[in-house]
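Scrolling down, you'll hit the structures one after another.
Same chain, two partners: chain A is paired with chain B first, then with chain C.
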Partner chain A sequence: MSDDRIIFDNVSRFYGEVLGVNRVTLSIPPGITSLVGPNGSGKTTLMNLMAGLIRPTRGRITILGIPPGRPERLFRLLGYSTQFDSFPRGLTGRQFVTTFLSLAGLPRRQCRELADRAIDRVGMTAAADRRVAAYSKGMRQRIKLAQAIAHDPRVLVLDEPLNGLDPLIRAETIALFRQFAAEGRHVIVSSHVLHEVDMISDQVILLSAGYVVGEGQIHDVRSEIEDRPMQVLIRCDRPGALASRAFQEDHVVEAQLLSDGGGVLIKTRDPVRFYRMINRAAIEGAIIETIAPADDDVNSIYGYLIGGEESSR
Partner chain B sequence: MAVYKRNYAPYSGRLTSRWPRFFILTRYSYARLFQSRFLMLLISLCLVYPLGCIAFVYLSHNASFLRLINFRGTELLSIDGRFFYTFCVVQGNLACLLTAFTAPALVSPDIVNGGMQLYLCRPFSRAEYVLGKLTGLFLLLSLVTWVPGLLIFVIKSSLAGWGFVRAMDWLAGGLLLGLVIWVLLLSLTALAVSAWVKWKNAAGALLLGIYYIGAGFGTAVNAVFHTNLGSLINLNHVMYVVWADLLRYDNGSETPLRHACVVLVLASALCLWLLSRRVRGFEVVK
Partner chain C sequence: MIGLTLRQILAVFRLELGKTFLARRGLWVYLLAFAPLLLYAGRAAYVPAERARLAEMARKRPVSGLTLWTIRPGLSADEVLGRLGEAPMRRAWTRRAEDGRRVEHMVWAYTDGRATYSFRFRDGVLTEVNRHEPDSIWTASLVFATLFQTYFLRLAVFFGCAGIFMNLFRGEMLDKSLHFYLLTPVRRPVLLAGKYLAGLAATTLIFTASTALQFMAMLWPFDGAAVRSFMAGYGWSHLAAYLGVTALACLGYGSVFLAAGLLVRSPIIPAAAVLLWESANLFVPEALKKISLIFYLQSLCPVVARQDSDLPVAIRLLIAAATPATKTAAIAGILGFTAIVLVLAGWRARRLEINYGTD
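Then we have the complex of A and B:
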C-alpha cells in the first residue's frame, strides 16, 4: 500500500530557529492533491521535502516506497516544477527541457524525443525554439511544466503551476492535471486560488504556520469541523414555514430567509438530524427544489481553519 | 476509494553514467561564454605574453637569428626557475583579470530567485553543480596559464634536447602544480563571490579587491605592526611564495612556505564553506 502513496511520518523541518513544518503525518494517495495555506505556512517546504531538496530534521518520508535520499531512483518517479521564474540564461525552451533531462541522466536521443513530446503536450511547440527570456509569464509556466513532465514521472510536484496563465491555457492545464490523475499519477499542487483548488482537487492538505490543520477530501474535512455549524441552502416553495419548523430543532442555530423569497439558509450543528428533518418536511408536502451545502468548499474550510488564525496574528 | 488505471509509460531505459554529468553544466557555460566578443579579445590578450615567450625560445635556438644579432654567449636567456616564475606572475595576474570578467555570471543567476531548485530536483547534487561550474572556469583559466607554460617547456625541450628535460624535469612539475593551485584558488574564490554577490559588476570588483586591495592592506599591516604576517592577507603574495619554492627561485620573500600553504588551505576551505551556505535547494525567509 505504501508503495503507491507519498508518506510523511511525523516529519519536522526547522531552518535553524525558523519552523518549516512540524509533526506532519500524511499518506497521500494518487490523484490531485492541493496544498493550501497562507504564505509561510510550509507548502513549499513540504514540496521541497518530497523532492529531496531538503532533508527532514525529524521523521521519515517515502515517495511510493522510495526515500528521497536515493535520487537516482526517486527522480525516475518524480517531476518538480518550482514556483520560481529562474532559468539558465540564453537557452531556448527546447534546450531548457533537453538540458535538464540530460542532467537527470537520460541519453541524448531520448532527451530530444521526450522533450519534444512534453513541449507538445503543454502546447509550446511553436515557441520551443525561442529563447525562454522572451517568453511571457504563462509560457514560462508551461515550459517549466514541460520539464517536470518530460520523463513521464508518476509523481508531479507543482508549486503554484497556474500562476500567470490566461483562462484558456489555465483550463487546458487543469485538464492536463486531470488527465495525469486519471492515469494513476500523483499530482501535488499548491495554489492560492481557492476556487481553483476546489475545482481540481481530489483531496486537500491545509497548512497553517507549519502545521497540517486539515487533510482529506474536502467534504470529509468539512464534516470534521464540528465547532462550526454547517450551512445548508434550501430552495423550496414555503421557506418561512421550513424556517419556523427548523427552529423547533435544537441543533439548528440560525435560519435566514433569502432576499428573493425563494429559499432559506440554515445553520445546523447536526447535519444528519437536519437532513432527516428535511425528509420529513418533504414527505409532509413541502416542495423542495434544491438542497446544497453552502460552506462545503475549500474557501469556507480555509476560512474556518486558517482564516481565524491569520486574523488573530 | 477510486480505482486508477495506469496507462502511461514512464522512461525506464538506462541512465547515463553519473560521474561525467557535471560536464553538461561546463558545456552550457562555454556555449554562453564564447558568445562574448569581449571575452574572446581578453583571452587573446592573455595569450600575447606566452606567444612572445614561445617566439623568444624559438629565436634563442635559431642560429641565423643569433648570427643576425651578433650574439656570442652560450644562451640568450636561460629558461630556468626565474623565467617560469616571471611567467607565473604575469599569466597568474592575467588569469585573475580574466576571472573577474567571466566568473561573476557563473553562479549568481542560478541562485537569484530560487533557480538552484531546478538543478537539484533531479539526480544532480550540489557538489556536482559546483564541480560543473568549477570545471568550466578551471579549463578556461588553464588555457592561459599552465597549458601555454607547459607548451613553452615542451618547445624548449624539443629544441634543447633530452639533456634539458633530464636536468629541468622538476621545472615542468613545479610549473604545473603551482599554476593548477592558483587556477583552483581563483576558481573557488570566483564561485564563492558569484554565489554571494548578485550584481555582476560588483562581484567582479570584489574579486579584484580580494586579490589586489588585499596586497595594499597587507603592506599597511606590515608597516604599522613591524611584522611580515600582513603579507599573508595578500593572496597574490602567498602564491608567489609557493611558485618561488616550486620553481626553486629566490624572490626575496620572508614569508615561510608552510604559512603560505596554511593560508591557501584556509582560503579554499572558506570558499567551499561559503558555497555550501549558498548553493542549496531552498531559501530561508525569516
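Then we have the complex of A and C:
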C-alpha cells in the first residue's frame, strides 16, 4: 500500500529555533494534491523534504517506498520543479534539460530524445536553443517543468508552477497535470491562487504556520468543519416560498434571496435534513433548477480553518 | 553499477570542466598562475645588462678568476688586499655584539667579468665567501627553486586551488543552482568525485602549463648549447619533478578546499586558517613542520631554496628546512592526506542540504 503513496510519518523540521513544519503525518495517494498556505506555512519545506533537499529533524518520509536519502533511486521516479528562479550559467533551454538528464547516466542520444519530447510537451520547442538567461519568467517556469518531467517520473513535485504563465499556457499546463494524474501518477502542487487549486486538485493539504490544518478531498474536508453552517445556493422558480419554508426548519440559520430574484442562499447546520426539505419542496411542485454548495471550495475552507486573510487571495 | 557510476562521474566532470575553465570569476587564477612569467621576462632583460656591467668593472680592475678562487675564509683583510688589490665595491659598518663589544663588519666585492665574489669580514678576518654568477644556469635554477617554493606553491597554487575548488559547491550555492545536481539520480559522493576531478583537471592543467612555461622562460637568456647541456644533465628530471610537485599540490590543496566549500558557509575562514598554518610552517619546530602539505611538497622539489644569510640566527634556526621526507614518504603522505579529506568531504556531501533561505 505504502509503495504507491507518499508517506510523512510524524515529520518535523526546524531551522535552528525556527519551525519549518511540525508533526506532519500524511499519506498522499496518486492524483493531483495541492499544498495550500500562505508564505512561511511550510509548503516549500514539505516539498524539499520529499526531494531530500533538506532532512527532517524528526520522523520518517518515504516516496513510493523509497527514502529521500537515496537519490540514485528516488530521482528515477521523482521530478521536482523548485521555486528557485536560477539556472546554471550559459546554458540554452535544450542544453539545460539534456545536461541534467545526462547526469542520470543515460546515453546522449536518449537524453536528446527525452529532452526534445519534454520541451515539446511544455511548448518550448521554438525557444529551446536560446539561452535560459534570455527567457521570460513564464518561459523559465516551463523549461523547469520540462526538466522535471523529462525522465517521465511517477511523482511530480511542483512549487508554484503556474506563476508567471499567461492564461493559455496556464490552461495547457493544467491539462498536462491532469494527464499525469489520469495516468495514476502523483502530482504535488503548491499554490497561493486558491481558485486554481480548486480547479485542479483531487485533494488538498492545508498548511498554516508549519502545521497541517486539513487534508483530503475538498468536499470531505468541508464536511468535517461542523461548527460552520454549510452554504447552499438554490436556483428555483419560487425562491421566496422556499426561503419561507426554510425558516420553519430549526437547522437553517439563514436564508438570503439573491438580488436577481432567481434563487436563494441557505445556510444550514444539518445538510441531511436540508436535502430532505428540498426533496419535499420538489415533490410539492417547486421547480428546482440547480443546487450547488456555495462554500465547498478551498477558498472558503481555508478561510474557515485559518482565518479570513488568505481566503480573499 | 560501476559502469553507471563512471558514466555519471564523466557527465559531472564534463559539465564542471567547461564551467571551471570558462568562469569569469576565475580569471584571476590565470593571472596568479602566469604572473611569474613577467619576472622571468624581467630577468631576461636584466642578465645581459648585468653581464655588461661586470665586464666593464673587470676591464677597470682586472682580477683573474683563478686568484679569486684562492681566497678562503680565515684570511685577514690585509692578505686579501695584498692578493686582489683594492675592491671596486666596498661596504663597512659597526654593530654592537651581545657582550657589548663593538664589531667591525666589511663586505668587499670583486669580479672576474663573469661572476661577482663577495667577501664578508668580521673584525678584519674573512668569514664568508659568496660567488654570484648572473648568467649561469645554476643561478637561474636557484632563482627558479626559490620562486617556485615561495611564491608559486605557497601563493599561486594555494589561492588558485582555493578559488576553483571552493567554487565547485559554494559558488553554486551562491548562484542558487546546486539543487539541480541534487535532484538527479546521482549519489552525492559520485557528484563530489566528478566535481573534484574537474577541479583537479583544471588546476593541474593551468598550473603545470605555467610551471613548464616558467622553466622555459628561465632558460630563455642562455645559449642553445648551455641549455642542451643542462637539459641532458638534470634539466628534464628537474622539470618532471616540478610538474609532479605542482600536480600533487593541486591534488592536496584541492581536496582541502573542496571540503572547506562543503563544510562552512564562509570559505574565507578555512582558507585563512590553512594559509596561516602553511605559512607558519616556516617558523615551527621540525616535528610540526611535517603536519603540512608544504613540507611534503618541498621535500619533492629537486633544488633547495636559498635562505637569506642576513637573517638573525634565531630565525635562521627556525626556518632551517626540516629533514626532507623521502620521495616515497612524501608522495604517500600527500595521497593519504588527500584520500582522508575526500572521504570526509563525501560524508559531508551526503548530509548536504539546500536552503537558500526561502520558504
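Keep this in mind: the second predicted complex is superposed on the first by the 304 of 313 C-alpha atoms of A that agree within 3 Å, B and C clash if a C-alpha of one lies under 4 Å from a C-alpha of the other, contacts with A are read in each partner's own complex, and residues count from 1 in each chain.
Criterion: a residue touches a chain if its C-beta (ideal position, glycine included) is under 8 Å from a C-beta of that chain, and two chains touch if they have at least 3 such contacts.
Just so it is clear, the structure is predicted and the values come from calculations on it, not from any experiment.
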Would chain B and chain C fit next to each other on chain A once aligned, or clash? clash
Under the stated touch criterion, which partner chain does A:240 make contact with: chain B (first), chain C (second), both, or neither? neither
Based on the superposed arrangement, let me know which partner A:42 touches: chain B (first), chain C (second), both, or neither? second
For A:154, select first, second, both or neither according to whether it touches chain B, chain C, the two together, or no partner. first
Is A:80 in contact with chain B, with chain C, with both, or with neither (first, second, both, neither)? both
Figure out whether A:16 sits in contact with chain B (first) or chain C (second), or with both, or with neither. first
Identify the partner contact of A:102: answer first if only chain B is touched, second if only chain C is, both if each is, neither if none is. both
Which superposed partner A:88 touches (first chain B, second chain C, both, neither): both
Going by the contact rule set out at the top, does A:53 touch chain B (first), chain C (second), both, or neither? both
Which superposed partner A:185 touches (first chain B, second chain C, both, neither): first
State which residues of chain A lie in both footprints, the one left by chain B and the one left by chain C. 15, 40, 44-45, 48, 51-54, 71-72, 74-76, 80, 82-84, 86-90, 99-100, 102-105, 147
Listed in rising order, the residues of chain B that touch chain A in the complex are 1-2, 4-16, 18, 21, 24-25, 28, 31-32, 35, 105, 109-110, 112-115, 117-125, 280-282, 284-286
Contact set on chain A toward chain C in their complex: 15, 20, 39-40, 42-45, 48, 51-55, 69, 71-76, 79-80, 82-84, 86-90, 99-100, 102-105, 147
Once bound in the complex, which stretches of chain C touch chain A? 4, 7-8, 11-12, 14-15, 19, 22, 172, 175-177, 179-188, 350-351, 353-356, 358-359
Chain A to chain B touching residues, read off their complex: 15-16, 18, 29-31, 40, 44-45, 48, 51-54, 71-72, 74-78, 80, 82-91, 99-100, 102-107, 110, 114, 147, 151-154, 181-185, 202
